[in-house]
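Note that chain A is present in both complexes that follow, paired respectively with chain B and with chain C.
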Partner chain A sequence: MDNRPQICLKVSRLSKRYGGQQVLRDISFSLQEGEILGIIGPNGAGKTTLFNIITGWVPPSGGEVVFLGEKTTDWTPDRLCRGGMARTFQIPQVFPEMSVLENVMTGAWFGQQSRPSAAQARDQSRELLGLVELAAKEATPARELSLMQQRLLELARALATRPKLLLLDEVAAGLSLKAVKCLSNLILRLRTQGLTLLLTDHLLHLIMPVSDRLLALDQGEIIAEGSPQDLIQNPEVESAYLGVRGAAGEEG
Partner chain B sequence: MSFNAWPWFQIIASGFSLGSFYALVALGFSLIFGITRAFNLAHGEMIVLGGYLAFVLWKFYQVPFFLTLPPCLLAMAGLSLPLYLLLRRLKEPYALNTLVVTFGLALLLQNLMLVLFSADYRLLDSGLTSFTIPRIGITFSWNQGVLLLLSLLATAGVHLVLHHTFLGKALRATIQDWEAAQMAGINVKLMSFIAFGMGGMLIGLAGPLYGQNMYLYPTAGTEATLIAIIITIFAGVGRIRTLLLGGWLLGLMESAAIFTVGSKWRELVSAAVLVTLLYFRPEGISFRKPG
Partner chain C sequence: MKLKPYHSSILATAAALGLAAWPLFFPDAFLYFQVLGMACLYGTLALAWSIYALSGAISLGHAAFFGLGAYGSALLNHYWHWSPFLTIFLGSLASVSFGLLWSLFFRRLRGVYLGLASLAAVEIPRVIIDNWDAVTYGSMGMTGLGKLPTLSLGSWQLAFGSDLKAQYYLLLTVVIGATILYKLAMGSRWGWALRAVRENETAATMMGIRVNRERTKALLCSSYLTGVCGALYAHILGLIEPALVFSLHVSALPLIFTIFGGRTLFFGPVLGALLLYPLEQLVFQPLFPSGHAAVYGLVIILTILFFPRGIAAWITARKSA
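Our next item is the complex of A and B:
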């Protein structure tokens, strides 16, 4: 057996243009199995576009994505999902008319490589609902959940597809500090089960404590890469980041 | 003097059979719209085309009415697939673009049918008679019975597929949230393909039934499309029981209008219902999003 960590995701020279606007430029990085990589950057830095390209929602203008050794640049989102890549959106996308449990079971049924039985899917889904603390709401229609609960539900559904790589887009946005703490614990627990994670967060309180490595994105380019401690002291990151935070503070 | 409640029985009998048929007409439209977001304005024309196909089989090849159903089902499902491939090529704003394309298709089909079948009114005679209950004087036509039965069977069949099969779960998930469905690993392109296939079969069933109960003429489809849109606005997409309720309400109102003020007022009823509905539901058929 080869004990070296395997490459889970490799992104090479990815770029994206919308009309005349260059949203991403020459993005390359790779992610090892079991690693947690955080992508930071101010609003509009291109984090979500990068996520959309990796997960097959948006075609890139150039470059390629290799997931578990296969070139997946032109795969559809559902194919990537069955292949082991799951994601959440900034604005949670749930099935509004289904119950919370049905939402998660849908992921278990259609997102795994081989379809579990109804009983298996139900057990797995209940376990995940316990994990995100929505077990008490399993019979509630998803449309009646709060935004936070919908976000947790979306996370549980993503996990129900048994992903090897999970991409969380701004999963901590709007959460209380206590909720962020719970989420960090959850993320670290998932990693011990062999999950590889890619996170974005434009505030740092979730991403700093959990990430092994950070990538700073500004105006579509990687401006710095390194451990959370190194990166936060990087002057370029500080100006891109704190500049924006300062401006946001003035608006408020 | 026969039993004095007879118009009520007629209104109710014809209302329910007509209404169930309307639900069938709306079902194909709402299934395709719900799953693919394609707003098919040629829906009614495709039903009428199916009706003409049954008419030709019956008139020129002496095929009995019930045996025209399977070939019509297959033919209309087959014809829906090129439509699927055509609409798949369209870009955003998708629903609006499909509306324009299918409006053109509706005109094309109308003129094609005018050339092929002329503007004459045609009626398929299924050879079924009517049945009068002695002494009470209530007449019940077997045509209405067949219309009611087949429409309800098809509607129940789709309900069964949607609520009791894996395919149905995937289809319902796709109706509720296109993006979430893909994130749960559902192949939405395959679902669209299946929706057009199922929708085509429902069109293929509605066609011969239309020809057997109402007159076929090249522009008859406009009204069927209107009915499909009204009921879909009333029920929302993917809610089959509400769809059936909507069909029945519309059928009862129309049949009440026919028996009280005369059949020329029938179309006015559906148009008035549309305007009233839009007053109370100005969002029309748009999708409800949470949050």
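Our next item is the complex of A and C:
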């Protein structure tokens, strides 16, 4: 039992309804420690809603989330953060007036389970800024950064909370191919440090090369699961992406 | 070009020493003792308001806390004849209780919505006190409240209630103490958390900060200090009535002083009060006896147009440029 990788996150029969709209239906999957799982799907497939439920922003209509062996379905996002779950947002959420370093320090200071001193938080933050190559910008107010830099800052700040599981929502959206390449190298480096990752993207160029396993979501349901190579050849995934839908999928 | 943090501390210390020293040279300037004493009280009020504002909340209803502190203290003094020194601290707990209700009911409100709700919130304690004649004497108010007592230190007699100079020094001590506490709070871990909440609540939550808890703590501290200001005010005047302490004027002043002085620096709110209140009382009142309070409106418009970060930020930015 101990030799096998531990389960980091387990999602069972998760569903979400907004009024008459079924946004997620019976979502179940699990994630082992050190694994990178990518969730793909067209816009509106429910990827962000799934993230919001896992990270405690939105209560599910049914089902449960188990994180590191504890049922966390009704935990608040700040508690989950201190418990080792971090995320980034589709639209970067930075502290605009704080400097880049102060942004990351906030994560180190408040997000860890142990409470580091201000000096320790600063040292850890500098190290992370080096990792995302923002060290030269440490005194710049975050609002002056470009989109790519804000993404990287958000990533460094999330890492500063010392997460076991990191969720990256649409992290490649709006980035150039070159930037995506940098980002995927970074993600692969993080994994070697034992981090478990859950990514979403509606384009495939970031998620394909880094993920161990992919989950395809369409209209709130898992339509396919497997290795990136398998999934890309799956006709259902292809039709979901191209918007060509068979009769069975119509008005699902 | 950023001002070194200790520069503003030096400036503030020099200003405090100046405020403490000038009466030695003008021992009979009673009008100035009175006006600057009240300016210190309003400076404390502005600081109290700013504690809550540190969490990003703009309150337009701090008169509720001011009035409840004033009435809490006045009633304890009136019915049980306790010393104002005791009732000021106990009576202000009424403000904290209202703060608890406030944080419970307004926890989901932000920005303009919180501002409007807080504006309306003042009416609740005001209407109750206005109509509960049997206990509060209603809109008639109460007169003959215990003045601030005299403190004897050996041969020193500090008659806070009757000697305007002693009263000035008392209020100066209060505002300096409050400024030091405010600076310590801003520089603490808690102050950092409030700053994160103010700048981006979503991100703050994501960084493990308990947004509601931190904001509630700020409100409770803010409401207590505001209550203390109200209680001091009531005992300095020796009288109280609902229209006086629950007025829009009381809610607006700390906001005006803070915006004028500068909300980003620890001494901004006090600086605003110490400059504006004497200006209004000593310059505009003799010139325009009927419309002197209009200066506040004028000053706010000019501040927002020309120094949106306040006088304090403007002065320090110029010095370091």
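Here is the rule we go by: the second predicted complex is superposed on the first by the 242 of 252 C-alpha atoms of A that agree within 3 Å, B and C clash if a C-alpha of one lies under 4 Å from a C-alpha of the other, contacts with A are read in each partner's own complex, and residues count from 1 in each chain.
Just so we're on the same page, a contact is a pair of C-beta atoms (placed from the backbone, for glycine too) under 8 Å apart; a residue touches a chain by one contact, two chains touch by 3 or more.
Since the model is a prediction, treat every value here as computed from it, not as a measurement.
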{"item": "Overlay on chain A: chain C relative to chain B, clash or fit", "value": "clash"}
{"item": "Winner by number of chain A residues touched, once chain B and chain C are compared", "value": "B"}
{"item": "Touching partner for A:147 - first (chain B), second (chain C), both, neither", "value": "first"}
{"item": "Touched partner set for A:67, first chain B, second chain C, both or neither", "value": "neither"}
{"item": "Chain B versus chain C as contact partner of A:87, first or second or both or neither", "value": "both"}
{"item": "Touching partner for A:97 - first (chain B), second (chain C), both, neither", "value": "both"}
{"item": "Contact residues of chain A, present in both the chain B and the chain C interface", "value": "76-79, 81-82, 86-87, 89, 93-98, 106-107, 109-112, 157-158, 161"}
{"item": "Parts of chain B lying in touch with chain A, wherever the complex brings them together", "value": "166, 169-170, 172-173, 176-177, 179-189, 238, 288-291"}
{"item": "Residues of chain A that touch chain C when the two form their complex", "value": "55, 76-79, 81-82, 86-87, 89, 93-98, 106-107, 109-112, 118, 157-158, 161"}
{"item": "Chain C - residues contacting chain A, complex", "value": "189, 192-193, 195-196, 199-200, 202-211"}
{"item": "Of chain A, residues touching chain B in the complex", "value": "76-79, 81-82, 86-89, 91-98, 106-107, 109-112, 115, 142-143, 145, 147, 150, 154, 157-158, 160-161"}
